[in-house]
Structure formats: structure tokens, C-alpha cells
Amino acid sequence: MSQNKIHKLEPQIYYYTFGPNEPALTVSSGDTVVASTRDARGYNTVMQPIPEELKQRSAATAFRESNPLVGPIYVEGAEVGDTLAVHILRIAFNRQYAWSRHNPHFGFFTGEGPGKEMFLNEPIPEKLFDWNMDFQRNTATLELPNSKIGKVEIPLRPFIGSIGVAPRYGRVEMSLTPGEYGGNMDCVETKAGTILYLPVWVRGGYLAFGDIHAAQGDGEICGVALETTAEVTLSLEVIKGKSIEWPRMEDETHIMTAGSGRPLMDALRIAHVELIKWLIDDYGFEKWEAFQVTSQVGTTRIGNVVDPNYTVVAKFPKQFLP
Amino acid sequence: MSQNKIHKLEPQIYYYTFGPNEPALTVSSGDTVVASTRDARGYNTVMQPIPEELKQRSAATAFRESNPLVGPIYVEGAEVGDTLAVHILRIAFNRQYAWSRHNPHFGFFTGEGPGKEMFLNEPIPEKLFDWNMDFQRNTATLELPNSKIGKVEIPLRPFIGSIGVAPRYGRVEMSLTPGEYGGNMDCVETKAGTILYLPVWVRGGYLAFGDIHAAQGDGEICGVALETTAEVTLSLEVIKGKSIEWPRMEDETHIMTAGSGRPLMDALRIAHVELIKWLIDDYGFEKWEAFQVTSQVGTTRIGNVVDPNYTVVAKFPKQFLP
Amino acid sequence: MSQNKIHKLEPQIYYYTFGPNEPALTVSSGDTVVASTRDARGYNTVMQPIPEELKQRSAATAFRESNPLVGPIYVEGAEVGDTLAVHILRIAFNRQYAWSRHNPHFGFFTGEGPGKEMFLNEPIPEKLFDWNMDFQRNTATLELPNSKIGKVEIPLRPFIGSIGVAPRYGRVEMSLTPGEYGGNMDCVETKAGTILYLPVWVRGGYLAFGDIHAAQGDGEICGVALETTAEVTLSLEVIKGKSIEWPRMEDETHIMTAGSGRPLMDALRIAHVELIKWLIDDYGFEKWEAFQVTSQVGTTRIGNVVDPNYTVVAKFPKQFLP
Amino acid sequence: MSQNKIHKLEPQIYYYTFGPNEPALTVSSGDTVVASTRDARGYNTVMQPIPEELKQRSAATAFRESNPLVGPIYVEGAEVGDTLAVHILRIAFNRQYAWSRHNPHFGFFTGEGPGKEMFLNEPIPEKLFDWNMDFQRNTATLELPNSKIGKVEIPLRPFIGSIGVAPRYGRVEMSLTPGEYGGNMDCVETKAGTILYLPVWVRGGYLAFGDIHAAQGDGEICGVALETTAEVTLSLEVIKGKSIEWPRMEDETHIMTAGSGRPLMDALRIAHVELIKWLIDDYGFEKWEAFQVTSQVGTTRIGNVVDPNYTVVAKFPKQFLP
């Protein structure tokens, strides 16, 4: 194998879709990519929006200004049926500011966006929240003028909200949607130190990512996390001949699978079926014994309950693996 | 307005996606289109499959062989914010044969296709069913060799399984998926005599259709109806300046709205919110009075509970309209 | 068998629970019962509420004023494992007035009653609706002062909202809840002319009923139908040695099963599994052939999507039975 | 206040229902209760089943052999509208053996018990698992004869599976069902060190408990945890004039609310609405600010996805409280 390279990617365009779009970069297995993301609304480190001409959706005829993606990155040697291992090496904030918002038509108390109204009563009021980050203290602070506490200061726990490959077929309608290709899973587990395994369905894989969250609770229940930007460092590795069906993850303590779907129960079931398959295939568990042990030691993290698909992460502690 | 024309469309290509693909035909508002569909697996009137080179998905790099569509049809004068009225004039069978199937990984007892497994137990067995149609008797007959009754003969009730326009953004990943653009709603209401109203989100509308069902029960619970082909006659009319958010329908007896989503309750809610909006906007109902009357006289038909989105039709009897 | 009798039941007490409460009446198989119900809020034909001392819940220590029941009726000879066939012979209105209501905390746009709040935004406003019945015209009329139409007149289609037996175990917490014992299914199919089959889980069966609806749309979406009272005539028949698991029904055109549960999809699945079992057991269908035919000719009616369990009726046309 | 007492409760009878049954013990606020539980199938420390005559359901005419409860305990001074604080002081195992099981008709891949079948395919196979506990090592070990790993040893994390008060109305049909009264929540948070707050809806509260789990994964996905027995020590305290609607909990690090319902999303919503109410009422948060902060720092634990109601615990870190 040739010597691994470090690529600095300066995006010339931002896609609002996962798919085999014109690659922004071509790399080899083992290479490292460093790139700065835009935030969920397209703002950069100094809060300038993406110029219109740099916004792209699948058909170049329409777009939706949510979760612009850096990439796609074409990984040489990634063939259909391989797995792409994404080592998340570093997520370095590059602005001191994050925002969140309550939307009348987004979030787990309402529906899933304009035109998908599911209720007749008045929706929740729109409200914007400014979170200020302090890198010395490694915290974000929000003023709470209407609450007794006055303000709240919470630890920074950055992760990548949206990261995925080209889907099995065509393109994903919106980068807002998670699925078997990963995408907008909004899982706190896609943090520095995690290896994310993604299926390769299109030659080259076409990895794209964005939507850095400085912190987020389980489920992203209001629909919006602490939205910010960061310089992200990923190392990409092709695992030849290893085929998976859904995103898998691994950190120091757990192996994990992410299932996305609706209703929430389906996402939960998918994640667990995939976790049990993993235990069978790679760790020599018999199916029902894997189910029994997972039932007793497995944990679950709800990624999001607000996106067009909900995401659930099923986790199995490494200490109980052979 | 110029004199209306009748267009005979002979498809040169079949798309597996709804979207602003290269139009197969351009028509004016008021024109009529006549076209023969392929069945859900791509077979024509003599059960020949679509040649590979005529199959197209959004990116031409991948495809999925389900519900090939005739079209898209570009309707001149259809602008964003207009409504496209599709008068379903005639659905004339052109083969005597329909098939159905039980799939291990499709249908309301399992999940929604390969790679989306949600259970650990054995799925239902795959099984193919040949239904023979008799146009004299207007029936379809299925041999039931393992049942006491021996065979069953049911009335033909043809309708268009998949019909829709280009979606709000980009393309639909699979023609299998229904949504605000219509699509694979699998509703028995899209039959001859119905006017289907679809939102125009892209100039020209880009109407496409296919997937004729000779008959189907509510919900299409096994995942597959009596799949066949037909010559379909539609008349297309642009309603200028009339904006809708979801498909609406009208037949002799009812006004109807189709909501698609997951879980089933969300589809039900969307359909009813849209129906009540219609009652308010076009018939002068006050919101809560519309809700009360709909609660007492409205009916509901479950289109499908098997596709990536489920579809519910909310129906309001015309006899109670002003 | 002894000669069948007609029993006129004048309730001395009203239960808000299904279960083996002190019988109001003991009858033989084949006997007929005539009784006048109270409405969902406990009002009689002249809108007098039930006196406090006549209200009873399971433990006599608490009650909930919704759906008071007439009965229970102990049917001699009904043993565990039998089926109780309830022939609904007549539902004769005995007052000219029905009411409906929008509740802030009940109905399919909100939650399921006080203390079960699921949203942070403002609920829908409370509103009462007075429907006047005209027995000459066989209609109910509602003034719609805020709508262009001014008023609406709809046909009367009376049915029994709540009817059931003692459950498998203990008592049902609230008569508001439907289940395997029947109960508050709110299905328009429990109308005059229908035979309702209920499982016998406790010797005597303990049939109880109430909650007459003068009309109702599918799903009872606002949570309240046209609530009224009637004199109900039922004939009760014990089918010995016939064991069923969920309510079944039969009218001139269909055999039907009612599944109750949450989410809506589970009620739908239960109803269909039971329907297919019925086709297998009583009509000689093979399982997968039953599934296929049901998929093509079955219809579905949503009873309610508002009660603690939702109810779905799966219907199979009698014309396709052997 | 009188001096607090320690009561040793030796059950003479076991109820399979939560409700105002004949109290096994009457205590004062501040008193401590020590009692040994039976396991989920009614076995004691030496694996002897409960004698038939000691089994009781609400009506004494039927029972269901799952989750027999110790109690109820009548707490003097507990009036409707008060809160009962249950300090879980100690859960001391008193046998070395736990079992788990896969049931064909229970668990999140199937339905919810016999008679509630929702699928046509073959259910998962029944299988029993024997877990041996080692109190020196504080672990439980399961032989895995069919898996490469051979056996697995997991830490003991005991908690009370079922604990609740008399419900708002009547009795709970089965102790298997969780709800606003607590009950079979199967939440790992009801462990030693936690204070569980329960609403008082009936004078005396009528606390009952049982179903000790030696360990359990999130969701109890196979339907059965490490079922065992323990001697449980609880201290009970009446909080006068403090009214709550759902169970609340508190440990060293979090305040928590438990919502139970179906579908899973409803349980999730209920838990969060209750958590936000708590933040408003006791900690001076403004509603939307509470929602925002919870969205960013809240976590969620899925208690069970197998019981007649699912249970979700919403957690807020104490470090962010005033």
C-alpha cells in the first residue's frame, strides 16, 4: 500500500443530499481528510451563509437549506460489498457560538416540517437560543432570562450529526434523513474516538458529512441541537469483502449498531437485529444466546425522534465479547 | 385556450423514481394522454420484462426493479404553486393475467424489504399467486388447491397503484414510496371516474404513473395486489393559483385527501388535517365545526400499510357539503 | 331447551367496568333482553344524570363517569371456552337529542385523558355540540353558526358503542377501554342486524353494554360520537365448545373480527390474524391462501383511534366464502 | 411525629394486581418495611412456587401467574393528592439463582402474550436460561454452550421490576402492566439509592412491589430479565399536599420521570412532558427554557418495550438544576 496522505479539503460546493455526486476529493484507503463544516443552516465560522451558487441538491433544480454536507469523498478501492471504516480522529470547534431553535413544525411534539402538519391546535412557538462556548472551561452557556436559574452552563460534547455514504439506490432526497447509509443520525456516538463502519453500495463510497453538534440530549427532542461548525479530521479505511447492511460503530467500550426508521419501535428492532447479526458473524455467538445476552447487558441510545427517520443506537459492552 | 389534444404515449424508457426526469411527453392543460403501463415487476401485456437499457433510476447508476413508471409528462403552464388535476378517464386491461406474491421481507407482517429486517424469527414463506381475469364476467379467479373452497372468483376493480408528480425537492429515492407528491399510494380510490389533484412543486409538474392493480383489499396487507397492466387514459388540467400540500381526490360521492407517512397514525392525522383544511378553504367551514362534522360522517380507507410510507385516505361525503 | 323468554331489564345500578360484577339479570341461552341505556355521561332519556348511589366501579371505592353500562347479564350454561353470540335485534332511540364534544385532552389530536398529557403546546379548545334528531326524517341536525353552510343534517346510524363480557382476568379498569372482551370498541358494525360473538372467560359470561351512538365517523376522531340513549333488544345464545380469542361479528354481507390495541398497526394486525384464523378454522382455508385472498378482498374499518386501546375491524365479504 | 418503626412483612398472600386490596401491613409515614419478594413466576428463595391458596387477583376468581406482589402496604396519613416517597434502601439477594426465558408470544419481536397474536409466521422458540450468581464476585454467569465464548459473566445490578400504588380508579388488570401508578416499569433506575415518588390516588396509597431483577438490559427486549428474589428494604414517607401525575425518581445524579404507554413515542412524550412540568414547578424554569435545556442535556432510558404499556424514563442531570 502506498504511504497514507493527509488531505485538506476546502469545499467548493455543498450538497444537501447523500449520493454519488461529483466528488470533492478522491482519496486512498488509509488516507486522512481534514475539512471544515458549515452548520445546519449553512453558516461558517464567522456566521456567513453559504452563497447560493455553492448550494447543490441532487438535481440542481431544487434544494433545501438544511445540513449542507462536505464532500462527497471518493475512496479508491471501495467496491460494492465492502465496508468503509471512518475513524473519527478529531472534531475541533472553530467558532465560539452555537445556536438552537424551537420550530413550530419540527421536533417530537409536532410533525416533521412544513407541509406535514398533523395537528389542528396551535403549534409550539418559534424561539431561537444562543449558546456561547468557552473553550477554556469546555462548556456552553445559555442565558435563561425567564427562569429562576438565570443561565445554564453545560459541557461540550461535540459530535458529527450527519455522516454517510451514497445510498443503495439513487440519492437521498434530503440530507435531513438518516437511513442504512448513515446520514443525519444525530447520534452522540459519532464523536472523536469512534470508528463508524458504513456499507459501500456505490463504487467509491461517496462519504459526506456535516452538521456538527456541540452538545445534544438523547433524541434531539426539540429538533435542534447546539448547532455549530468544526474542523473535522477523519481517517478512511476500506475493509475489503466485508459486507454490512446498516451503520455500525465502535468506541473504547462498546460495539454499536444504528437503525433508522419509523415508528420508533422499528428503528429499535432494526438496530437490535443488526447488533445480534454482528455478534453472530464476528464474535461466534449463536443467535438465541446472542439475543439473551443482549437482552441483559445491551443498552440503547435514542439518536433522534425528529427527523424523517428516527435513529436508535443499540450498544453491546465490549467487556462481554470473546 | 387551444384545442385539446389526445396524446398516445409509447414509453421509450421507464423510471423507478418520481422527479424532474427527461419528459417523455409535453402536453398542454386540457390535453388527454393514453399510455400502456408495465406491471410492478416491469412486465408488459405479453409478460415480457423491460429490457435493461430502458430502465432508469434518478442517477442512472442504480435501479430497483419495482413499479416502473410511464412518463414523466411535462404539463405546459403548470407552475410552482398550481394544482394539477388528473382526470382518470379509463383503465382498460390489456392482458388477462395478474399475479400476486407473499414476500418474506415485505408486507405488514414483516418489514419493508431486504436489508430492513426487524425480526429474528423465520419470515413468512415466499409464494406466488396467479390470478386469471375473465373480462366477460369482469372477475379474476385464483386456484386455491389447499383450501376447501378450491378456488375464488372476485370482481375486477382496477386502479392505478402509483401516480404522482415531481416531489418538493429532488427526486424520490424509489417509486415504491408514496408521499406529498402522490406516488405509490396503492389506494383503490385512484380508479376511473376519480379526479386526482396533485401539488405542482416543479414547473411542468412531471406526472408519472404505473403499477395497475386489478383488485386489492384495504391496506394491501400482503404487500402485493393483483399486479397487471392496462391502457390508461388521463386528462390533465392545470388549476392556476390553487396551491395544495397533499394529494386530494374527488369522485361522485366523496372529496378525499391522502396522507402518507409512518406510523399509521401519522398518515391518518395528516389526511384528516388536510381534509379539514379543504373544508375550510373551499367550502367555508369554520375549523372546529369542520372537525366535528368530519368526526361524525367522515370515513377512512387504508391504502397501504406496507410501503416505505403508509397511506390513508380520509373521505368526506359530498352530500354534506354546501 | 326450555322456551325462550324476553326479559325487561331495569337497571338498579350502573357499572363503569366490564367484569364479574353482581349480575343485574340471569338468563338462559336463547333468551332476549330489552334494556334502556344511559348515555356516555350517564344521562337518561330526559337528560337526568345517574344518581351517585347507582354508580359503581369495580371496587366501589372509585369511579369514572364515562360509559355507564347496563348489566352484567349472567347467561346460564355459558362456560369458560364457550362463545356468547349476541344478536343485536333492535336499537330504538328513546330521546331526540344527542351531544358531542371536543375535549382538550381526548381525541386523536391530543392524548388520552387528564393526566396523560403528551404535548407542550396548547390543546384544542373544549366545545360542546348539540345534535337534534328527527325520527321522521331519520336524521340528526347540527347548527353550524360559524360555517357558510349554516347547519348539517346527517342520517341516523345507531350502534352500540360499548358491549362486552367479563375479561380473561379480573375486571377492566375502565369501561372506556376495549379489548379481547369487546368493550368500548366504538365500531359502527355493532348495529341492529349484526351478530356479535364474544369469548366466554368467566362462567356466565357477564355481558354488559351501553354508550349508544346515533352516528359516528370512522375512528371517532374527535373522541366523541353523537352520544345518546336507546332501548336495546338483544338475544343471547351460548355456542358450546366453540372457543374464540377476540370479538367476531357477522352481518348480511361480511364476517368480521375486531382487534384492539396500540399502536394502530397492532390492532390492525390482531384483527387480521384473527380473521385468517377464522377462515382456517370454520371455512377450510389453508393459512397462506387465506392470507392471499384476504389481502385482495378484505376491507378494514377503523373503530376508534381515541380510547386507551384503538379498535380496528377486519372484514371479509361473505360472497367469497365456501 | 411518632418514632419511626421497622416493619418486617411476611406475606400471607400475593396479589397479581395493583389496587386497594386488603392491606398486608399498615405503617406510618417515616416507617421502614423489610420484605422478601417472590420472583416473576412466584418462586421463593428455594424455588418453591406460591401455593394456590396464597394467590390473589382483584376478584379472587381469576389470576395470572406473573409478578406476584408483596403488599399492599397502607400508609397512614397518605391522602388523595399527596405524594408517597419510597426510599429504596436495600435490595439484598436471598438466592443464588436467576432465570430468564424467551417466550414465543412475549418480547419485542412478537406480541404481548397468549391470545394477542400479531403475526402469521412462526414465533421465536421458547428457551430457558439459568443464570448463576456469585456474591463474592458480584456477578451472574450464563453458560453459552452454542457460542464460541462458552459462557458470559455479567455484573449484578439489582432493581425492583414492579413497584406501584393503587391506580387512579379501581384495580390494575394485571401486575404486568405499568402506568401512572408505577407498576411493572422494569426500569433499572428503581435500584437501591433511588427515591421513587408515586402519586396517592387512594387513601393509604396501597404500595405493593415484587419482581426483582438481578440485571437487565435497556428495554428488557426478550421480555424477561434475570428473574430472582431479594429481601427489600424501603422507607416510606408521605409528602403532604404535593400532587404528581406520574412516577418521579431521584438518585445522586438525576431527577427522572417515568412515562408508560403505547406506542413507544407516547411513553417518550409523557415522560418528557412530566419532566418539564417538574422543572417548572419545583425548580423555577420557564416552560420553553426548560424544553430547550432538556433537549440538550436530557437523557432517556427505555425501561421496557414488552409489557402491555412500554416505559421510558426521561432523565435530567442534577448538576444543571438551580
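Letters are used for the chains, namely A, B, C and D, taken in the order the chains are written, and counting of residues starts over at 1 for each.
Going forward, contacts are C-beta pairs under 8 Å (C-beta built on N, C-alpha and C of every residue); 3 or more make two chains touch, one makes a residue touch a chain.
If you're wondering where the values come from, they're calculated on a predicted model, not measured in any experiment.
Chain pairs B-D and A-D differ in how many C-beta pairs are in contact, and the one with more is A-D. Homomeric contact subunit A/subunit B is classed as same-residue, with over half of its interface positions used by both copies. Look at where the CA atoms of subunit B average out and do the same for subunit D: the two points lie 47 Å apart. Look at where the CA atoms of subunit A average out and do the same for subunit B: the two points lie 33 Å apart.
With each centre defined as the average position of its C-alpha atoms, the distance from subunit A to subunit D rounds to 34 Å.
Multi-chain contact residues of subunit B, defined as those touching 2 or more other chains: 109, 118-120, 124, 263, 265, 269, 291.
The touching residues of subunit B, counted against subunit D in their complex, run 109-110, 118-124, 263, 265.
Residue ranges of subunit D in contact with subunit C, taken from their complex: 16-17, 19-20, 57-59, 61-64, 111, 115-120, 167-174, 180, 201-202, 245-246, 261-263, 266, 269-270, 273, 276, 287, 291. Contact residues on subunit C toward subunit B in their complex (touch as defined above): 100, 102, 108-109, 124-125, 127, 129, 131, 142, 144, 146-149, 152, 154, 215-222, 224-226, 263-265, 268-269, 272, 283-286, 288-300, 302, 305, 320-322.
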